[in-house]
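Labels for the chains are A, B, C, D and E, by order of writing; each one numbers its residues from 1.
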Amino acid sequence: MDILSLFVVVPVLIVLALSFFAKDLKQARLISVVGMGIQFAMSINLIFAYLKERAVNTGIMVFTKDVVWYETFNIHYSIGVDAISVVMIALTAVVLLAGIFISWKIDDLPKEFFISLIALSSGVFGFFISTDLFTMFVFYEIAVIPMYLLIGIWGSGPKEHSAMKLTLMLMGASAVLSVGILGIYFNSNADGGALTFNIFEIAQVNIPEAAQNIFFPLTFIGFAVIGALFPFHTWSPSGHASAPTAVSMLHAGVLMKLGGYGVFRIAMYLLPVGALNWSDFFLVLAAFGVIYGAFGAIMQKDLKYVNAYASVSHLSLVLFALLMYNKTAWTGAIIQSLSHGLLTAMFFALIGMVYGRTHTREITKLGGIMKVLPFIGAIYVITGLAYLGLPGFSGFVAEMTIFVGAFQHPDMFRRILTIVVVSSIVVTAVYILRMVGKIMMGPLSNEEYKDLPKATWFEKTGLILLLIPVVMIGVLPLGLSEMLKESIQPFLERLL
Amino acid sequence: MNLESFLLMRSEIGLLAILILLIIFEIFSNKKQKAAVIPFALVLLAINTALGFLPLASGELFGGMFKTNALLYFFKTTLSLGVLILLLQSADWLKEKVVDENKASEFFMLIISSLLGTYFMISAGDFLMFYLGLELATLPVAALVAYDTYKRVSAEGAVKYILSSALASGAALFGISLLYATTGTIYFDSMAEILTSSNLSILAFVFFFSGLAFKISLAPFHFWTADVYEGAPINVASYLSVISKGAAALILMILLFTVFKPLIEVWHKIIYIVIIATMFIGNLFAIRQQNLKRFLAYSSIAQAGFILLGLMSVDNLGTATIVYFVAVYIFSNLGAFGVVQAISSFSNKENINDYEGLYRTNPKLSLLMMLALFSLAGIPPLAGFFGKFFLYTAAASQGYYILVFIAVVNATISLYYYLLVVRAMFLRQSDTAIPYFRSPVYMRLGLILAAIGILVAGVYSPIYDYIFSISNTFLN
Amino acid sequence: METIIFYILVAIIILFAVASVTSRKILRAVIYLLFVLIGIAGLYFLVDYNFLAAIQLTVYGGGIIVLFIFAVLLIHHVELELEKTALKKKLIAGALSAAGLAVTLWAISTYPFPVTDTYTSIEVADIGLLLLSYEDGGFILPFEVISVLLVAVMIGAIVIAKGKKLTENN
Amino acid sequence: MIAGISIYDILTLTSILFFIGVYGFFTRENLITVLMSVELILNASAVNFVLINTYLYPDLLQGAVFSIFIIALAAAETALAIAIIINLYKLIYSVEVKDTETMKY
Amino acid sequence: MDFSYTILIPLIPLALFLILGLFSKKIPASISGWLGSLGLGTSFALSLYTAYHYFMDGKLEGVYQTFIYKQTWLVFTDKLHIDLGVMVDPISVMMMVVVTSVSFMVHLYSRGYMHGDDGYTRFFSYLALFSFSMLGLVMATNLFQMYIFWELVGASSFLLIGYYYTKPSAVAAAKKAFIVTRFADLGFLIGILLISYYTGTFDFQDLTSQEGMLIAGWGASASFMGLSVFTWGLILIYMGGVGKSAMLPFHIWLPDAMEGPTPVSALIHAATMVVAGVYLVARLFPAFYFVDGGFALQVVAYVGAISSLVAALIAITQTDIKRILAFSTMSQIGYMMLALGVSKYEGHEGLGYMASMFHLFTHAMFKALLFLGAGSVIHAVHSNYMKDMGSLRKYMPITHITFLIAALSIAGFPGFAGFFSKDEILVAAFENNKLIYYSSVLVAGLTAFYMFRLYFNIFWGEDRKYKHTPHESPLSMTIPLIFLAFMSIAGGYIPFSQFVTADLMPFEAHLNIPLAAIASSVGIIGIIIAFIFYKKPSELSKKFSNAFGVIYTFIYNKLYFDELYLFVTKKILFGIVAFSASWFDKNVVDGSMIGIGNVTVSVANKIKGMQSGKLQDYAMSFVGGIVVIAMVVFYIWIN
């Protein structure tokens, strides 16, 4: 078994182990935490293995493997990673492990909860390692569908409605995406070769411009919906608000990144001409989404809604950066994906902890929580500051890289858009501080909150797991950004 | 004609033998032994199915009236396997309700004879055999629909079915007669050579097509479906939705790809419209159903629309994707119907509402139901996903992207109503949930077989590759 | 002469067909149907398909019509009048049938049928041989199939008929 | 071959017969009469086969044989249909079309 | 010469922050205070050593050299990258001394002031964080590093203002400070983007070098609304400075920021962070001066002048002693700004630059002293309001004397530090811009007046009925007062023009006696008026203020700036933009997505009648289907 396939196999094995051996919550979480711990260790190992391999391997992807799956369609199980996938895998592993810690006390159907969560993760891991369109699409859908159960069974509030909306919008998008993928597939022999789903083989082909113009928007929208592109983002606030903590974490932290990743890896790479032709249109949407999401977050009353709109804003920024076709902006986009993944996961974890204790997420009802929950409060403030782009945390590095990169575009229109987008940092500060100030600071809003239980060890572990990479990226970004840039280069060359 | 070539009809002879054995059994068994017919028939059919995995040569018999080739043979085996699963799932129902009324062996006889008709229909080399096969496949089922003789809905359903199908076969027959008028032959091969596009041949085709469309339940020829499924015993509805629909889809494809190839311009347009209408109608009606049989009826209508996508690609690809999808669809639908059957025979409950909280009492059944529904909806890594995706591929290969787009939109709508059932089973909790029960062994076997099909048929690619490799056996 | 007979037969067929589908007295409708069938048998005689005509008369006249009559008698009094069909339904049905007929006739009329002068009369023996021949053009296989079919239908009919008369349900 | 009568006349006749059957199927209020309309439809096709065979393709007897099978089949179908209708009658004491509408939407 | 050890100056506070922050629960208060003070003391000592070392040996052929030690931190493009490092040049060395000295004093002082507070250790960790950030800012080698630390000081300011986080007003003030400066920083960031896009560098040396793209190439750059984009870039960068230094119109956060503990106000909102804007302009001075004929510098000058005047006027009317000091700070920073604004580049021409830096230095000392003194007073009477104070000289002699020294210094009383630095500013203004000069002289008088209004109200006047008899603060608090008092006098005698100049070449600066006389007499007049009004309780001031009526109210309410901002943010941004965004999202965007679903379901309900359950309807649709398909096909066929 190769180093990459294990990322899919291990979750599957854990799912099997869970379904056959887990009897109660204790066993279920033990199996999950051990399994995901292994997965996490594997992802750390992968980073080093990648760096080692990269030194001797100059291919776009390393650790490649190719097994014919459906011969007639030329579908292969072909895998490989570059720096981008590696960091995404690491992100997934971290968030997942943290999520399992956060779900330590899940009481309703614990076994099923962990099964769904881990099944979902296998899709995510598979998605990040695939280099075959079809395989990738398969994993993509595997990653989306367990969300329905996760939100629907373990969620709160109008969970059925939210779960349905989320699932349908995402699956609708993936349906659109499938048309795009077919379009790419049937144009992959434009230069006279065989039809193929292999991304890197298609990249050798110049798909006719007319086809690109049709299939780029399909592919782009297909992926961008999960990346919360305006106006297809509305599944995200209600979905996140209803989802249980770990699921919100995983979804906002990892799943929404599939969108940007897909756009980058497929839509832009395979349909470069279409991408250029459509870029202005989507750029305006993305820029609008940045500002719009930020303003949307200001007026929300529910903490999770605030965070969900914040995610819309931050992920639109990712799409915005991707549409800039610039190495720096792209690096920024990927760092932003990472950073947002970690930070938003932290936020959801914290919100979950507050909610678990106070049983409310209404900003107006909460206040002065820091006094009674100092650890959670402190981390909340730190997360907030990191989220609004304070230097020393990953968010700053990501945003600055995007802004500087985007501003390097020679086109005036894009630079003006960049300035518009930059101004979102103020709005971000407003809603973050409003939230932090209201719920963590100020006088205690309710006497009943006086004796809230302090953070437990597993909650602390989960949070610290997430905080460490945030600080690491924030303090020492150079290695990461150089590693990413190297991998971005071939993709950029395709566009320019 | 020697014995060896005669054995080309091995599948049919097998079924005929089973039929005769069953009749003999019925005649010579006393009242107490009647119940033994269930294992007896199952074993016989299992043997016949197992024999179906032995290779068989291609060839023609009776002056071209009977054809067989690897694809047809594969398909027959699949159908046989489907019927076996279906009978396993019905065994419990038969034991409890039917044996008492002393008509269990007749049930088998009717199913087997209908299956035999299906075989002859798809193996037909001329319109007469086709027509007889069609009727042989249809008429026993009409009797089966009425099998719940004490239920009004069953009787009503049977009436609707027999009369509607009489009209449909009348229309098809009229179409065949007009085709005969334009070509002077009832043999497929010679007709394919002679047939040209003319007003009359088109009209004849439309008449003929309506008859098959009726069997496949394509809009606007589908209306009987929901009522008949609802009225019929669950296993009969299941039979209608998988076996007769699948076989009809196959023979429609064969005829369109061979006999009606000269009319390809015309039937492509017709199919295009029909696909869209069928998918929308099936989906929109399915959304608001409460009765699961009715629900699955509409779902199967929508699925029929998907099957037809493969027709847009008149080549290996189209053939293979259709056959593959039908095979996958058989497993998925049998899974879904099997669960409905299991629950209905335990609790007599068939409504979606009744399924609320099912997961907490019967996790395995709920899980299988979810797998089956997700497979129907086309969620990976279940077989249905591959089936659907390949059908899209087939349609897209001819540039019908808009059609594919409409199809994916419909797939999303269909996901909605499949999720409604999942919602009831998993998300809801209910005090009146169906309590835990353990299904009898036949039922479990039937369900497990269906589950294996759902899980394996997609991921395990050699199945599709095999189908593809044999799918050109009837195309030139 | 043949022409005249043909037209008489046509008149019989169409008139009684119409009567058969409109008559409100059910038994009369059955009898009208019988006349239609006889008219069709007449057509067969006219083209010298005597064997077919005979089958038509025996199977239809002797079998099916009797079956109908039995059914009617089982269910109704002989004089029972059927309910009147709503006019709207009639109009829609009529319009639809007329439209279908128009399309069909138009399609037929635009088709250039070849005219052949060859004429062969057929013997019962020919048909018998054909039915039992397994060579090219033989019909032994359909013959076998239809026998299975008849058995199956018979079983089906018996099974349905032997269902208990339940008084407790409905 | 009937002197003075062309194939078009024959086909017109059978078409009319077919659509009379269809009309009957649409309008009859009684299941048995509906079944009778089906007989007209089937007969139209049977006549078609026979006369087309005679008029156009007299070399082979495909049409004629086909119509024999149609007649046999019609008989079988009718028998089964009547059994089913009587079965319904046993349950609800009616064979009206409008009494078969409990399942809808 | 090797100055690489200067890196330790910021790193020591950073280490302190990490230790105190991570183990804030574990470390007892007794240790953390000492630890902090010790650390900052070390930094201070290092800074002093650096200053000595640099100003003695740092010259090469009469020009101060710049020493840079840096490490690449993040690479953006081939040209643009962020380095982190230290830059040792006259102003950074001076700022190091200012920051570490005041910080050290504040640390010492806080040990007494914060005694017994719950978050004692947390407080010291924040202070350490701030010191680190501020030092990083002043030692920045490039624009982006400065921006990074600029943000960090903003955040530590946020934390420190909101230190009493259970107090809603403190939280509000912290938020306000952060958001207002953040908005200003937006300008800074865009300015950086603009400048770096056209020049391809962030580096201060490249940006300020005469041959650099910015100065040599501005003429060739694109222009926008008649001004070079470089000018726009500089103005935007200056916007960041305006925000941080609380100039008009971004000054509104500063008075509110007084909600923080008083030592914090002394450190951040008087001596160090708020002068970052001045420092920023000084850092980029050549660029400001040369690009577009110094247009951006004019902006700096006028913003400074107006701010200083307005702030002085408002200060007269306030009653909260910390707010008075806050407005005073604003006014004095305006002074520094205008000094920079009127300065030229070379030699004696660059007097304004030198004066600005000089004033920055002396101001840091006496303003820190004023705040710490005020803190001492507040500590004693537990109130911020003048009405609760009076005759405190009897109870708090040391505080009284040191406060008086500081007040005299800020009022420009001859012989005190403020006198010298202010005089240089007035000279520079007089030489370059008369209008600004007159306004500055007026401000000098106003300053003296409000300072002594404050002084007399606190230490003289009526003896209030104190609940607890006020007593002198402990030694830990008075020692810093004494040190700073010393500096408030002695600071003026440092020959600044020898050390800090625009073109890095020392020059001789002389006291301009006539101008000094005018200024100090204006100041003395202010003191005398204050003496008359407030030495003894009298109705005079009240009558006087009543005489101004509306104008007084207008000024008392700080020109209604707060209300204006509140209107813009609450009503327009929140009420209209954000509200309509969320409404739009919920009803239109989400509504249309849900609408698709609802339409589908309602269509499904509408068409249910098709499935009527009637056999004959089905038959009709069957035949109808045939006919329609046939007709459609024929229609296509015929055409």
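Brief remarks follow.
As a convention for this text, a residue touches a chain if its C-beta (ideal position, glycine included) is under 8 Å from a C-beta of that chain, and two chains touch if they have at least 3 such contacts.
This structure is a prediction, so every number in the text was calculated from the model and none was measured.
Each step here moves to a touching chain, and the least such steps from chain A to chain C number 2.
Chains touching both chain A and chain B: E. Relative to the whole-protein C-alpha centroid, the nearest chain centroid is that of A. For chain A, the chain whose average C-alpha position is most distant is C. By the count of C-beta pairs in contact, the leading chain pair is C-D.
Distance from chain D peaks, on a Cα-centroid basis, for E. Per-chain Cα centroids separate chain D from chain E by 97 Å.
Separating the centre of chain B from that of chain E, both taken as means of CA atoms, is a distance of 77 Å. Separation between the centroids of chain C and chain E, computed from CA atoms only, is 101 Å. If you average the Cα atoms of chain A and of chain E, the two centres end up 37 Å apart.
In chain A, the residues touching two or more other chains are 168.
Looking at chain C, residues 89, 92-93, 96-97, 100, 103-104, 107-108, 113, 137, 139, 142, 146, 149, 153, 156-157, 160, 163, 166, 169-170 sit in touch with two or more other chains.
Chain contacts: chain D has residues 7, 11, 18, 21-22, 25-27, 34-35, 56-57, 60, 62, 65, 69, 73, 76-77, 80, 83-85, 87, 91-92, 100, 102-105 touching two or more partner chains. Contacting chain pairs in the structure are A-B, A-E, B-C, B-D, B-E, C-D, C-E, D-E. For chain B in complex with chain D, the residues that touch the partner chain are 127-128, 131-132, 135, 139, 142-143, 146, 149-153, 155-160, 162-163, 166-167, 169-171, 173-174, 176-178, 180-181, 184-186, 226-227, 230-231, 288, 294.
Interface residues of chain D, counted against chain C in their complex, comprise 1-5, 7-9, 11-13, 15-24, 26-30, 32-33, 35-37, 39-40, 43, 46-47, 50-51, 54-62, 64-65, 67-69, 71-80, 82-87, 89-92, 95-96. Chain contact summary for the complex, chain C toward chain D: residues 1-3, 6, 10, 13-14, 17-18, 20-22, 26, 29-30, 33, 36-37, 40, 43-44, 46-47, 49, 52, 55-56, 59-60, 63-64, 67-68, 71-72, 74-75, 82-85, 89-90, 92-94, 96-98, 100-101, 104-105, 108-109, 113-114, 116, 118-120, 122, 126-127, 130-131, 137, 139, 142, 146, 149-150, 153-154, 156-157, 160-161, 163, 165-166, 169-170. Of all residues in chain C, those touching chain B in their complex are 103-104, 106-108, 110-111, 113, 134-142, 145-146, 148-149, 151-153, 155-160, 162-164, 166, 169-170. Within the complex formed with chain B, the residues of chain E that make contact are 597, 600-601, 603-605, 607-608, 610-611, 613, 615, 617-619, 621-626, 628-630, 632-634, 636-637.
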